[in-house]
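I have a structure here, written as structure tokens, and I will follow up with some questions on it.
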């Protein structure tokens, strides 16, 4: 890997999140030559695996293994690396060791962008916890006194929030619509790894089509499939439009 | 002028506004080859001309002429065209004829961006009125049934709000910081046309320096002078960062 | 019509709005025995009729007539009465006479609910103007001194805002999801009257399916097709749930 | 009247408003030696006079005269001057001539404060219209070119919003609680002029008692009767507390 | 107890809260046949017991016992069960064991509604902590992998926030007003258990009367005593009004 | 020290914060005869000491000592006492023991005001953590059952939030501008202790000048240097202006 390769980092609470909410951005930037890494804080073993738990006598470690396998296959389809933290879900509880590892990841990648959850989500407390964790790591990574290394090139990257399940209830407001037309088929294939959640395949296909039409309306340029993002910090620009 | 030349439109309530708040964007895009037009709704004759009215017996038409002259000189320094509507100030009152003309301007320019005031300003009711007017014209220009012409290429441009005098009181939140380093001297020369408001030269120089430092902090790239903008509509993008 | 029949009132800026945004509520309450009246402030002749204006030499009166015909057919399918105000669109401009007529309608119907647009819509200034107009009429209708009649039974009804095209950009937040499963086919047939906007048939079908799934998630009761509403005033209740 | 006498200005939509919402502030500042003037935009003849309209054959001019008389008696009890604009109510419609007169009043009084309605009120469109009107007049009064007079001492006064009927629905947030203990009996006597609204006497007595207890909680100093205000502009201070 | 009996759950930080803020809802639903359970996270022993601590040498365990006794008597009057967590107050600190127990309670009750504090309260950090805790438990209870039991009928119930002491400062906005006329005397008797806080008896009686009048205004149906609630999630409905 | 001496308390995350953001208020109140104490939660050793960490082999204890020395010298210039908690920075982690000590400080000082950070700061998670900590201590100090002492005179003081680095991004809205003209030179001398951050000397001088001009605009009284504050709780007043 060349040191000039651009990178992106995704921080999600559960495996489904990176597929439904940001799979297009992952695949698109991979296609553009970025190294993209997914930091998946839990396996979604308790809250996102309703189907697995219907089988009598199923064990936690089996559910985790099954979910991990799915997540890895989905990441592979999208072209991304994936690292797990096994922080638990429902509730997700992060530790100082996890935070330390996350800061190291920021230093290793020096990402051009970070993708994570919305700031609020009254339906799922793990989601804003993942966002809080990602933001804390991003900021600590800036501290010269954290594992001091004067040659470290780190600059805190822009943060983009991907779309929650019920955006208005999360006070989520898109500021960008990413055109994912050229990777839609890849994203859709990643959906299909999540075999137990087939009803969501269609739900998130509809979301992508409607965001795509909105992208077209806002820009006057045709877009079929879109992903919404909310940018957290002001952008420094050289030209307006 | 080539039909391929990009254009920008600025809609301001008073002459001072386009100098202090958006003079850098005007000069920068002119330098980049854009045709930029300023639609200046009033001469700021009553509310922005405290100095002129201190002279006994001064007449409204004289104040207007003097302000118009200043505005034209400032626009020339920035490299922009300027058109006035003489809508009055304190209060600014727009008419259907002005609206019709503004729609025509949108059609003529097919601008790549529109720059206007913040959505709220409890210190100056003319400012949000100018914003409302600009937004209404921008939307009407989209209507196929307004002066129908099936060959009209118009697509509603993005809107960027420039910075008001007391941003927090206007619920203004920057989403972009434009680097105006390469045109700072031009903007500063335009300040100097507004000879009666010398105290504001320094005020807005400080604003530019502080926005510049913020631009640097947000991007990790050095910026000395900045102008803040708030984007109103989601942006359709092909890559995140 | 029995004086005991319940009634509902819809106030929309343009014909498309009552079909896409609230056609399910209209059909559902008609099915439940309500008299529902649509007050359609304009024909959407300039802004919602892109297709009609592509024909050379087309006249405003023809476009209006064509749109009126469509709106009447859609209302008939939904089972509602419709009244037009011909207030123009892009921009919609209401008059005191229209306001007076709207107050009379409130008095005649004594509706159990009013359905209208979101409070804000940066994409379409006609929409919040219709909302403002509906709210003003609703309030004036309360005034004992407006066409005094001590026997008038009027009580200001609850207001529900139907969903705009890009809800987050309008700061729209659903507080109710209406289950429209039993009238979905009726709503869909009303879509098909709007032959020139076939791309929106699928868009609003997807909206209905996704709101339906959200309705199911929020209640634990299956729902396939939903319409979102935002209630404006507190509800007085005898039991919580 | 000495030129050193401090003054206050109240701008209300209807007579009831200045009694219920700000009668304590009026009486208190009068007691402190201020000249207080109430600018009452309408007589509340249509919307605030339910009782009067129950009498068969009652005429608009009679209702207005009766309401004017009540308002004058209430103002007298509070110790304030009152001026009416007869702008109508439900809906209240202001004219340029009224605005001009309001600007003159700002110039004549050079008030130390302006009291008016909340910024929003979904129950009563006349209220925010009065606020808008008061704010516009306050700002125009600053314009050197409005009836130019270089010796005019005017400086735009702070604006305080008094409490609406249902504060949370109006997005109203108190920032000050004024202790009105020493004038409570005066305010209560002014209530009693409004004989037809006896149910509101008790309602607003309860509001005063509850705001008083909140005032005590926020300050640690006993307060029995309070009036809530929301300050609109930042205060310049020489000490914090 | 029949398995068809509906249930309600109240989660409060301190004993006073369930009496002042939601005693009417508790008594009303009990009267309607619901089983209502109060989960009282602390005894309010440090912050709500100013009176008890005035006695020299009083011990923490005595204050707790005295408060527990009061809380139990108040719950009995209202007709509810009560369970304590002894999480401490000022500050209230919850543990994983408490969370686990709370999840079990959600499973046992499968409540039709949950009543808890406002989302924010700058006067009392225990209140939003109780809300956060209630929400987390409600969500974890949904996870199939938490104490897996495929036959568990749980569906996450609607959440209603009861009214804080100073609603506007808590950004609290009522969306429902519950008519508690038929149980007012019961609620008032529960007040009287809290003998040391007699000044609050009157305060909250005034709150109930004013909310009652607001309930009447919003519905056109008479209401004397009301309790305000803010609903957190969209409601799925079959009819609008 | 007389028991009648008024006091003020400042709670900051890092040393730089009390210098840049609130040094004027500290010096001004000291000049007015107040005892002012700064509770500095960390030494800013990791995140605010970029310069120190550029030296190879530098040790954490040395950086802390150096920062502590700077902070003490700056406090001395301003005339304030300072106490450190050594809670760490990037991230700042408070303990129950620190909270207990902070409550004692509230009891010892019975301050007339508390100054702390903004409620939000997406650039620095230590800042809102300091605010949260200060608020929790302020509230616990009110509890009669916390280290019971019936003779304790404590009443919870008003809280003022000082200005963050990028106010709009922190949803910070000034409600007060403190005139610091008479202590500006003192504040500026405190800046100069922070030798490694010379670029911020000019940044915060510009902030002070621009806030000063805003203070003048809002009051009509000249002000050269200002500091912005946001008051959190309603103020109980005896007169409006």
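By letter and in written order, the chains are A, B, C, D, E and F; residue numbering begins at 1 in each of them.
The working rule: a residue touches a chain if its C-beta (ideal position, glycine included) is under 8 Å from a C-beta of that chain, and two chains touch if they have at least 3 such contacts.
Predicted model, so just to flag it, every value in this text is computed and none were measured.
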{"item": "Farthest chain relative to chain A (centres taken as mean CA coordinates)", "value": "D"}
{"item": "Most distant chain from chain C by Cα centroid", "value": "F"}
{"item": "Separation of mean Cα positions, chain F and chain C [Å, integer]", "value": "53"}
{"item": "Interchain centroid distance [CA atoms averaged], chain A/chain E, Å", "value": "37"}
{"item": "Where chain A touches two or more other chains at once, by residue number", "value": "123, 169, 174, 214, 233-234"}
{"item": "Chain pairs that touch, as defined at the top of this document", "value": "A-B, A-C, A-E, A-F, B-C, B-D, B-F, C-D, C-E, D-E, D-F, E-F"}
{"item": "Residue numbers on chain A that touch chain C, as the complex places them", "value": "123, 165-169, 172-174, 199, 202-203, 206-207, 209-210, 213-214, 217"}
{"item": "Complex interface listing, chain E residues touching chain F", "value": "45-47, 49-50, 52-54, 56, 58, 60, 63, 89-91, 122-125, 169"}
{"item": "Residues of chain E that touch chain C when the two form their complex", "value": "8, 25, 28-29, 32, 112-113, 115, 155-158, 160, 174-179, 214-216, 218-221, 223, 226, 228-229, 231, 233-241"}
{"item": "Residues of chain E touching chain A in the complex", "value": "99, 135-136, 139-140, 142-146, 148, 150, 232-234"}
